[in-house]
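One chain, chain A, links the two complexes that follow: it is found with chain B in the first and with chain C in the second.
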Partner chain A sequence: MFSFTLRRALSALLVLFAISIAVFLIFFATPGVDPAARIAGRSASPATLAHVRAAFGLNRPIFIRYLLMMDHLFIKRDLTSYVNVGLKVVPQVLKAAPITLALVSGAAVIWLTVGIFGGIVAAANRGKFIDPLVMFIGIAAVSVPAYWLGEVVNLITQSRLHSSVFSWVPSGGYVSLTQNPFEWALHLLFPWLTLAALYAGIYARVLRAELVNAMNEDYVRTARAKGLSERRILIRHALRCSLISIVSLFGLDFGALIGGAALLTEVVFGLPGVGMLTYTALQNLDLPVIMACVLYGSFFVVLANAVVDVLYAFLDPRVRVA
Partner chain B sequence: MPESPILKVSDLKVTFATRQGPLRAVDGLSFEVAPKEVVGIVGESGSGKSVSMYSMLGLVRDANVSITGSVKFNGREILGLTDREMQPIRGGEIGMIFQDPMTALTPVYTVGWQIIEQLRAHTTMTKVQARERAIELLAEVGIPDPRTRVDNYPHEFSGGMRQRVVIAMALSCNPKLLIADEPTTALDVTTQAQILDLMSKLQETYNSSIVIITHDMGVIAEMAHRVVVMYAGRPAEIGNEIDVVRHPRHPYTWGLLGAVPRVESRNDRLATIPGNAVSPLDIPEGCAFADRCAYRMDICTKRPQLQGDHGHLDACWLTDEQRVSIRSKATP
Partner chain C sequence: MGALLVLIFVALICLCAPLYASDWAHVNAFSSNINGRFFIDGHWRSLLQANTQGLGLGVSPVGPTWHLNNYFLGADSQGRDVFARLLYGGRDSLLIGTASALICVLLATISGLAAGYFGGVIDWIVSRLLDITWAFPVYLLAISLSVILVTSGFSVGPVHIQAGSLLLPIIIIALIYVPYVARPLRGIVMTLKEREFIQAAIGSGASDWRILRKEILPNVAPSIIVFFPLMVAFNMLTESALSFLGVGVQPPNASWGTIINDGLNLLYSRPWVAMAPGLMIVITAGALNLLGDGFRDAFDPKAKLRGSI
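Our next item is the complex of A and B:
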């Protein structure tokens, strides 16, 4: 198990290295993308361009530029924005990351709880009224776009019912956990619920399908022939095997969301997270910030996948040997 | 049979409601199993052997199934009991061995865990006691180095070894009756013989009755005291193993026995029963085997009842004289 974890961590590092090269090439070596032109402004003279190139080190070989970029990004950590000259990139990402992390982790707890519970309830009551009911709520939650749901939540809690039922709801923004844990949770409550709705729906539906499949497996028949209770068969046998696919789904979703895919929720609720940072950087084509955000995002996607693989091996003994 | 039967199945009918109409998987099966007796149920694929056993234990989970008749286990009616009422019987008093050992065990738990789970469901053993018992059981079914193997996962065992684990599990609570659903079908030939030997040996140690389902007449000849031959969900012939194998009465049994390859036979081609097994969706009103039977008569449009003497029954309209003349021609 330990050697498996180690091997997985090494391969994750390798993937990250490859991603950093790919991202660098996309933004700095693609024909037509001239960072110097971005920095110097729209109608800069050739002399200014040459000056900017020399000043930012853009006239040096691409290989050196990659190393310089990585040096500024990871070792010196003094990479500055091309758009707001002087603004350091790394602290910005480090400031935005905890917000996204808090939003996504809290939502993940909610959607896993609700999704797994919903899936089990639906599968256990297959063919009864409650099964299609849970599945309908699930598909409804999946179908509602996060930005629309977020706006509706805002409309209700901030405007229509703000003076009565929802007077306790703060008006958006973020309060850090260390500053005031209660306010932190209060500010994040509706963003959590909004983000979790979509995923809870997906997870409930996926888990129900997996469970229904598993309940037709031979090992479930064996478990029944052993004289176990239906509840134990469902939870200890069928659910245990179905969790494997839920975990892999969760790894992908969680990694992508931490990496910036929670953008819509962040924008709607005014949370200055990584999604928001990436979004503004893309609008300004602020290459260093984009570079940092993409690398940050890919780091979490790769990390989440590595964690999932290790979890996988924990859940499924057949994977460990391979 | 002087002792009262451990299992008495009377007129068991299992019908699935399908879009094409009722599918009669089992249609009037009756037989008894005496204590310590091994009863073989034999028939082609789809003849209702497995379904009849699963439906007895409530293991058929189809919402469209209807099961009628009577199944008395130890004198108690078990057909129609709820899952909760069945729990102590399943695994506790009736053990079950399945056809495919590769999929019969939950892949994510060690074999020891799965045996302990069953022991703890039916006894008051502590975890430590159950583990010791599990190791004993594994040793008993011939798994080498059981103290280490108890912590292995199913995928770390070969097919034959997995079937031994399943047998150990089925026997763990000293069941009075063991139902084996084609226990050797998924195994290779050498392993088949070992598993059959093991089952005979354990049957003597544990004194349990066995119902063994198979399509292999060789398995019947080796294991069974009595035989039920099934065709299209109906019993075609019932009798002692010697009687059925040496003096088969039903034309279907003749076909089955003729299809057993023999080492001394000089014929290159295997004998087969002409035609295909009848679809359970449209079983004829009369004898189900009539369409494939070489000795079909006019009366075969009426359904023959099981009859005979000395416990050797068959459902066929042929008279004794007709059988004698047919058999003397067939086997020179």
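Our next item is the complex of A and C:
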């Protein structure tokens, strides 16, 4: 187990290194416009351009440029925005990260609960009314743009019904957990539900398929032969094996959400997370901020994936050898 | 079958966009028309009407008239006919979705087949490239590429793509999803390679090119057909997200994503501007996903593809 964890950590580091090079090449070596002009923003003065050239060593060899970028981002952490002059980028990202994390993890709790429950119910009632319903919700979930669903939710809760049924729904924004836990949950409730709605359907569908497969396995026949009840077989025997694929799916989705997919939900609900930061930076092409968001975002994604893989190996010993 | 009909219908009405705009509604879907007027109930009325509620400041565009030839879904904040833009936007959304899925599946087939069949160094290089793209958060990769390319264009040697060209989102979206198709294809090819009929072909002295073309490709074709509609749906959703963020389709072009973005400020006064393109996306992507599921049941019951958007 220990050697597996070590190997996984090493490969995560390698991937992070590769991603940082890719980001560097995208931002500094794409042919077209002078990178200094891009970083300094649309209407930068010659003095600012000269400053950018010096700060990022744009007239020096390419690997020194790479090291300088990493230095600004991770060691000195003094990357500043040239659009909002003097604004330090890295503290901004670190301040926004917990909000994104709160959004995604809260939603994850909801979609795992609903998804797993839905999958079990669908598998137990195979062929009955509930089964095609779960199928349908699963298809709908992969076809709806997340940000648009958020707007629909906003329209329902904030428009005409806001004066009656939904008067308790705050109009976007964020209150920190330490400041007021109740308001915190209230502000995050609909963002959570919106995100979870998309994933719960998919998870229910995947789990249903896994459970149906598992019910045809030999060990289920053995359990039946022992005289166990159908319910006990489903929950204690089949579910345990089927959950493994849900865990690996969850790792990918959780990482993807933190690394950008939740961006759109944050924008729609006005949550000042990393996604919102990226969005505002995109609006005025504030490149240093985008660069930092992308690199820190991928950091979280790779970390989440690595943690899930280790968890997976803990659940399923067969993985450790491969 | 129903899914296919829905798709054909959506594609047809979107293809008729110029016909609708010029011959039926007589509007220009792309130039702003702030001082424009339109004829309804025997009166000429302005497209942008002064607000009467609240402080009475600013203007609101006219809402849906539900007359097909007369601002069916109303106007947007620039006084442009939303329905005409919806049809034009559909053309771009469908074009980007289909073209990028074609490029993506083509690249994935080439790299998957090469890596799976030849193995060795080729496999190592291709697999590592795919691994890195796979580990890179999809949206962040698309956003970084788009923000660099879409605003300033791309030119290397003889290749020159203008900023704002539809080719940029097509290529970017195609590239980021290559691993999603190439990795499973590589696995399929690797198992195929161990089968007797391939060994027989090698033994009978067939060239690599002939084996790939005549023996392997026909056997992976069902999987490719299954992937295709799913990738179109996937890519369309990604395009709409990028356009919504302002780094996809650039004005004056429109796509369903940019129209939703246009409608964001009008969400509470004129909800249809944002709702209609979203509904179109849901209908089209839903039909594509159903089609993909149908293909999978028909061709390739064991295939597995899943992603998250």
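Here is the rule we use: the second predicted complex is superposed on the first by the 288 of 322 C-alpha atoms of A that agree within 3 Å, B and C clash if a C-alpha of one lies under 4 Å from a C-alpha of the other, contacts with A are read in each partner's own complex, and residues count from 1 in each chain.
We adopt the following convention: a residue touches a chain if its C-beta (ideal position, glycine included) is under 8 Å from a C-beta of that chain, and two chains touch if they have at least 3 such contacts.
If you're wondering where the values come from, they're calculated on a predicted model, not measured in any experiment.
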When chain B and chain C are modelled together on chain A, clash or fit: fit
First (chain B), second (chain C), both or neither touched by A:Arg240: first
Chain B versus chain C as contact partner of A:Ala55, first or second or both or neither: neither
Larger contact residue set on chain A - chain B or chain C: C
Apex chain A: angle to the C-alpha centres of chain B and chain C, given in degrees as a multiple of 10: 90
Partner chain(s) touched by A:Phe27 [first = chain B, second = chain C, both, neither]: second
Touching partner for A:Ile64 - first (chain B), second (chain C), both, neither: neither
Chain B versus chain C as contact partner of A:Ser159, first or second or both or neither: second
First (chain B), second (chain C), both or neither touched by A:Glu217: first
Shortest CA-CA distance in Å separating chain B from chain C in the superposed model: 18
Chain C partner contacts - residues on chain A that touch it in the complex: 15, 18-19, 22-23, 26-27, 30-33, 38, 139-140, 142-148, 151-152, 154-155, 158-159, 198-199, 202, 206, 249, 252-253, 255-257, 259-261, 263-264, 267, 278-279, 282-283, 285, 287, 290-291, 293-294, 297-298, 301-302, 305
Residue ranges of chain B touching chain A (in the complex, touch as defined): 54, 57, 59, 61, 63, 83-84, 86-92, 95-96, 98, 100, 103-109, 117-118, 121-122, 153, 155, 166, 169-170
Chain B contact footprint on chain A (complex, rising order): 127, 215, 217-219, 221-230, 236-237, 240-241, 315-318
For the chain C and chain A complex, residues of the former touching the latter: 131-132, 135-141, 143-145, 147-149, 151-156, 233, 237, 240-241, 244-247, 257, 260, 264, 267-268, 271, 274-275, 278, 281-282, 285-286, 288-290, 293, 306-309
